[in-house]
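Naming follows writing order (A, B, C, D, E and F), and every chain is counted from residue 1.
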Amino acid sequence: MMSRKFQWLCLTLLGVVAITALPALAEQPPPAAAAKAQPVAATQADITQVNVAINTVWIVVAAALVFFMQAGFGMVEAGFLRAKNTCNILMKNFVDYCSASLMFYVVGYSLMFGGGNGFLGWEGFGIDWAAGTDPSGAGVSHHAYWFFQAAFCGAAATIVAGGMAGRMKFGAYLMYTVVISALIYPIVGHWIWGGGWLAKMDFSDFAGSTVVHATGGIAALIGTILLGARHGKYNGKAKAIPGHNIPIASLGVFILWFGWFGFNAGSQIAVGNGMTVAKIAMNTNIAACCGALAAMLTIWKIGGKPDLSMTMNGALAGLVAITAGCDCMSSVGAMITGTVGGVAVVLSALLLERLRIDDPVGAFPVHGINGIWGTLAIGLFSESSGLFYGHGASQLGIQALGVFSVVGFVLLTMGAVFLLIKKTYGLRVSKQEELRGLDIGEHGMESYAGFQIFTTE
Amino acid sequence: MKLITAYIQPEKLSDVKQALYEAEVFKLSVTNALGCGQQKGYHETYRGVDIEVNLLKKVRIDIAVNEEFTQATIDAIIRGARTGNIGDGKILVTPLEQCIRIRTGDTGPAAIG
Amino acid sequence: MMSRKFQWLCLTLLGVVAITALPALAEQPPPAAAAKAQPVAATQADITQVNVAINTVWIVVAAALVFFMQAGFGMVEAGFLRAKNTCNILMKNFVDYCSASLMFYVVGYSLMFGGGNGFLGWEGFGIDWAAGTDPSGAGVSHHAYWFFQAAFCGAAATIVAGGMAGRMKFGAYLMYTVVISALIYPIVGHWIWGGGWLAKMDFSDFAGSTVVHATGGIAALIGTILLGARHGKYNGKAKAIPGHNIPIASLGVFILWFGWFGFNAGSQIAVGNGMTVAKIAMNTNIAACCGALAAMLTIWKIGGKPDLSMTMNGALAGLVAITAGCDCMSSVGAMITGTVGGVAVVLSALLLERLRIDDPVGAFPVHGINGIWGTLAIGLFSESSGLFYGHGASQLGIQALGVFSVVGFVLLTMGAVFLLIKKTYGLRVSKQEELRGLDIGEHGMESYAGFQIFTTE
Amino acid sequence: MMSRKFQWLCLTLLGVVAITALPALAEQPPPAAAAKAQPVAATQADITQVNVAINTVWIVVAAALVFFMQAGFGMVEAGFLRAKNTCNILMKNFVDYCSASLMFYVVGYSLMFGGGNGFLGWEGFGIDWAAGTDPSGAGVSHHAYWFFQAAFCGAAATIVAGGMAGRMKFGAYLMYTVVISALIYPIVGHWIWGGGWLAKMDFSDFAGSTVVHATGGIAALIGTILLGARHGKYNGKAKAIPGHNIPIASLGVFILWFGWFGFNAGSQIAVGNGMTVAKIAMNTNIAACCGALAAMLTIWKIGGKPDLSMTMNGALAGLVAITAGCDCMSSVGAMITGTVGGVAVVLSALLLERLRIDDPVGAFPVHGINGIWGTLAIGLFSESSGLFYGHGASQLGIQALGVFSVVGFVLLTMGAVFLLIKKTYGLRVSKQEELRGLDIGEHGMESYAGFQIFTTE
Amino acid sequence: MKLITAYIQPEKLSDVKQALYEAEVFKLSVTNALGCGQQKGYHETYRGVDIEVNLLKKVRIDIAVNEEFTQATIDAIIRGARTGNIGDGKILVTPLEQCIRIRTGDTGPAAIG
Amino acid sequence: MKLITAYIQPEKLSDVKQALYEAEVFKLSVTNALGCGQQKGYHETYRGVDIEVNLLKKVRIDIAVNEEFTQATIDAIIRGARTGNIGDGKILVTPLEQCIRIRTGDTGPAAIG
């Protein structure tokens, strides 16, 4: 029963509200619009400033959305692992974003967007460039542009965490994350977005299927191979190790999808008349839908039941795939790109299992395979240069060359980095720590204190 | 005194409790368990990889009873838990040498109920 | 102890950061604003384009927010069910959005907004309309408008999942979801927002209390009745079946509330001077607050304790109720509408229990009852046509007629659809599958692998 | 196996999609831009209106983000507590936002922003002010401004919940929340943002390190002291009581961080050319990163392992610290401010433990200590008035005076309020209720029904 | 040898561990359990619908002891767990025929400790 | 009949199941448990505050067997669970007076398997 003492409080409160609010019911004139101005003529400079304001608000909102994807990555990865490794993956997810931001501030932004040669930028470290507008031509300040790009750098860095989860040393991860965000990602980015050699060839990757996703996905693949499978994963035949918190993973997928509207549509920094922004948002959405449905039907056919985790991977696959061409494809092109992505993610995940490469969250199938596919898809479905729109195969060739170069570059450099860490500091925790869980071993804490959880494998 | 331990299907717990109640057995302890028996378990696939689940969800009931209640308790459990399908479960009876009520320090048959 | 090997890394890093950043401390001139333009006069066409840009950015952000509500629905529904049915509801939630997007792309948008008669639109399937501006008059492209509207369609579709949760076949749900998003929702939408017969009568439903929520809520009601209660829910007297993850449900409510600012304020697509957008946001917020508090006090009085799940339903009830009239009510009107909504949701949930209609998440009380109430509330509190503002009862009559028609239409059509599925494919899973949980039965996976969970009912 | 009945459905669907979509592939002309307008000249009034539109959209989006922080607070607090008190903290989190909104509507906004004296505003209760523009000078309506500010008020109110969690009566919390949001917060706000005495002295607190965070943090400290520690926390030596759901807490931190872009960058309501908005967003991000890394390294050094919960507190500490000076610091200033915040949060949390003050989520270290630090940091690092930029110590003096006054005022008033509640209604639940958990005692429900959870302490 | 099984209030676990420690009983196993006894349970309402909770949270402790430790162990448990309120719990003693240490293969009384 | 109860390291469960399977013991029940033995536990710090964890995660296995299977079962458990490290666990054997198959009502040795 609501206590007496308490009832008077509520009643009094309601009374106060009622009395104070009553006059407002009678009449509540809206605040006046901005004070009436003299009809002084406006100039194009005014229009330009307004457009810069719109672009800035847009890019800041979009950057915040891309930042929020970090939460999505964290939840997806945590949910797809076992409970005993959850704190570890969340910690990696925090720390890679933080260190990526810092590294990208100190060196990355300059390597990527600074003037330089075709391979590397070299200008204005610490973002202390002389006054000037951002590289995108939308008139926004370097600060805004940095914020947007730093969030992208964080995304590339964090993709790897999922593939190597459940057995990688935390310290080794810190080392890796510094290297990718300070060097590898900015170099690839310079080639494609910073005026580098691929940009000059008209290689096209609008929002980063290659720059962000293929880079992260390939790094995850080589890291996963060098690290080896989780203990118990391939004793005899391959064993499924189910994720421990599917609701949180599903939330993560929604957060990623939500953030992707900032990732893709935000990459059109100059809003202009908004047509392209709208088209990108539509394409992004429809490709994700097709990817999810295609993955569901594929795994349903193969495995006998519509598996939720694969369906979620399918949505992400569609998003990754459409990232490169969201601006230049028709919505039907986007549907096909997403559908193929959804099928590809299932098949490549099953292939990895067969090859006994243990990628617990599907980092490579989602980001690697679909980053590549999405980049190539431009050569097929671009309305202005695609093969299926009668523009010949030259764009496709350029796309293939670009993807091939980036994959090769990342394989070599990240392979070397991981090997180096392996030989010196060590990549992998002890078997004993792996069995008990990295949460306790690396961080001295548990994710679900008090909960009864079987840790029998 | 006897200790009666039963493994039953989880969804049968409330029926068993009801049956015990009718048999005037009011005290029991319940634990969550997994069991492997004639029931073969089932196959799932997770992300397309086969996963064999042969430890099925069960509920374990422990009841300390005085000698004269033993049969009635067993009967009640059977009444509540039997469906006739594989997986209905088992009842185990072990000897109980002593029972102590912590609150009062009572011992033996008097402490059971 | 932080390992030695590691300490040097950290120190070196900090050093590098410090050294590189130091010059920036000394002086860091901000990037210059957009280059100084010649004072060329701006025209109204420039202003129009700028306004279209603002409207587009606004609608894309709002659409992303509405999309994100899908995550909110998923979390609320999952949290209010038992653990064993969680994957199933999440899967439904994914798939209905995906299929709604696709269906709304292929046919729905055209049935809803295409020129046609008072009952149905029929124009431009596959959104390949000739150039033209969107139906809202805000000058945004069809792509932007479609994206916004598709997210609404997804919301209407997903409401039903909660009411029928825990026993409905996944295949049956797929069938239902195609029908509602390709046909039922677009038809109702056409009547009210697409220039149909109710629109012509000045029926008013600003952001969809009727179009989205009553439609979804009524479909949920009829579906729930035809499906029957969950096993064990009404043996003897009604038994509460508590939700398994209240924190995640609470997060879901916040996500919905957050998204609702896009849902309601975003429906004012033409931002203009922003006054209406701001007013809507304020009304939306205040109605939700009143709904939550009213529901809390009501259940506290009735049940003896302030129940969190009812309080959360109350917030949603307030949001649903204010959706129709958020643009035309004063904030006091919004407070009353929300408060009544909060009381109504508790009473109608208890009524459903008494009628032995098993709606696990309160889909009908929240969306059905409050969708209806919110629509009628316009007739009472609209500042321009409401009864209490001295404008007579004619608006109220129109509102009642509109709601009555929609409720009747949805009851009949969705009733027929569910009956048809029931007779052919079947609506309900086997008792055995229901007891073990739909996660294993329908999807072959568990939501919380490793966790010890009692599934005794 | 996917059932036969079902396969035809899928195939048919795919067919329909394909057929309907095919024509679109062939040609899909984009909708035309807004109809060609006559070249009529635009006036400055048009530009002003456009700017107001931009500002309004910006503030509404920012306000929605700040609202969403409420979810972040809820998740962080819930995750850091034990499972048995989770519903209670979530309920408090809901109710304080709702009552803060209501109180801030009825009285708070007027006390804070109404004309009055240096201590208190007194104008326009129930927001029925005569037409006029908002106090920020950005031309947005009172409704927009209220919405933004109300979300801030909710944040200040909810900070306390975490510190006093796990043993405070729900009724007592309701009383507290009314007082802080109707009186204490608006008064402090008036001093600093409403033209009060501190504002007149050029005390600087851009987005509320003092107004929001120090106010909430100090109230939490005094409340926590008056309430006493949780049962079993300090039997013999201090015992850690680990949080029960770290993933959800980590999500909460990301949500807060995400919302903080609205909190800080949104406080620059007049977007202008966007430069300041961008700078704020960048500073906010970089300070959070530095705070997280600094806290991680500090706890690693002290405790021997990189503790995730402290790292998360560190990110929040950085955010709180940069809130005051995000507009006036260079990014290097922001880095230092954040880094110091991250170290400070760890040290002050350990100090609280030593003093046997039981603050389960670190409300005081995060919001109190860093609110104060961030305010003082302006006196050091402000580019226009800071000590380290050669502007002498006068700003620092003003900052210290302001912080000192606010801390004193809040300590006295909230101390009195809590004491009064303690003597009359009672602050604390019974020991029996505390042991069993407040979820059952206060709300009659559990957070994780069915889950096996040890509640051994 | 005896097997001592006790059902106690969850929040008493650390006190019981402490008391056992003082009685030089260092080995035990703990399980989460639900119990139904003289304690009547309580009523909640969830969403306004009544819900009777009569299975209360308990903790189960199992200790294998040598004959001569039996009484000391029982006393220690009582010392740690007794509050005098209903719900304090029960101690059950069953005969233990054999005990084997897996690591060494030791059997009998030597393997207990 | 005997009731064999074993506390083992969680990660050894599948090896033990395998060993039992090879010994033709197909039925068992499994419970999640915490244990305190010679294994000393470990220290964590949470938010810088010390926290001593001395109840370690274990898995409890219960197997009802007929007399003649007793030794084979014990041997199988040892085969599956032994690593030679502290913490390998214990096996306890108690007398079982009765066993009933709920589905059929079979009793005694016939009901065990």
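We adopt the following convention: contacts are C-beta pairs under 8 Å (C-beta built on N, C-alpha and C of every residue); 3 or more make two chains touch, one makes a residue touch a chain.
Note that the structure is a prediction, hence the values are computed from the model and not measured.
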| item | value |
| --- | --- |
| Any chain that touches chain E and chain D | C, F |
| Equivalent interface to D-E, taken from B-C, A-B or D-F so that over half of the residue contact pairs match | B-C |
| B-C against A-B, pair bridged by the larger set of C-beta contacts | A-B |
| Distance between chain centroids, defined by C-alpha means - chain A, chain D (Å) | 25 |
| For chain B paired with chain E, centre-to-centre distance based on mean C-alpha positions, whole Å | 18 |
| Chain C-chain E separation of Cα centroids, rounded to whole Å | 50 |
| Inter-centroid spacing, chain F versus chain A (mean Cα positions, whole Å) | 45 |
| Junction residues of chain A - those touching two or more other chains | 17, 21, 24, 28, 30-31, 33-34, 41-42, 46-47, 49-50, 52, 54, 57, 61, 102, 105, 126-127, 141, 143, 242, 245, 248, 251, 273, 275, 279, 303-305, 307, 309, 331-332, 444-445, 451-455 |
| For chain F, residues contacting two or more additional chains | 31-32, 44-46, 94-95 |
| Full enumeration of touching chain pairs | A-B, A-C, A-D, A-F, B-C, B-E, B-F, C-D, C-E, D-E, D-F, E-F |
| Interfacial residue positions of chain D with respect to chain A in the complex | 1-2, 10, 17, 21-22, 24-25, 28, 30-31, 33-34, 41-52, 54, 57-58, 61, 65, 82-83, 102, 106-107, 125-134, 139, 141-143, 171, 174-175, 178, 242-248, 250-251, 253-255, 257-258, 261-262, 265, 271-275, 277-279, 281-282, 285-286, 288-290, 292-293, 296, 303-309, 311-312, 315, 331-332, 424-425, 448, 451-455 |
| Chain A - residues contacting chain B, complex | 237-240, 242, 299, 302-305, 307, 309-310, 313, 346, 349-350, 353, 362, 452 |
| Residues of chain D that touch chain E when the two form their complex | 232, 435, 440, 444-445, 452-457 |
| Residue numbers on chain F that touch chain D, as the complex places them | 32, 44-51 |
| Residues of chain F defined as touching chain A within the complex | 10-11, 13-14, 32, 42, 44-46, 57, 59 |
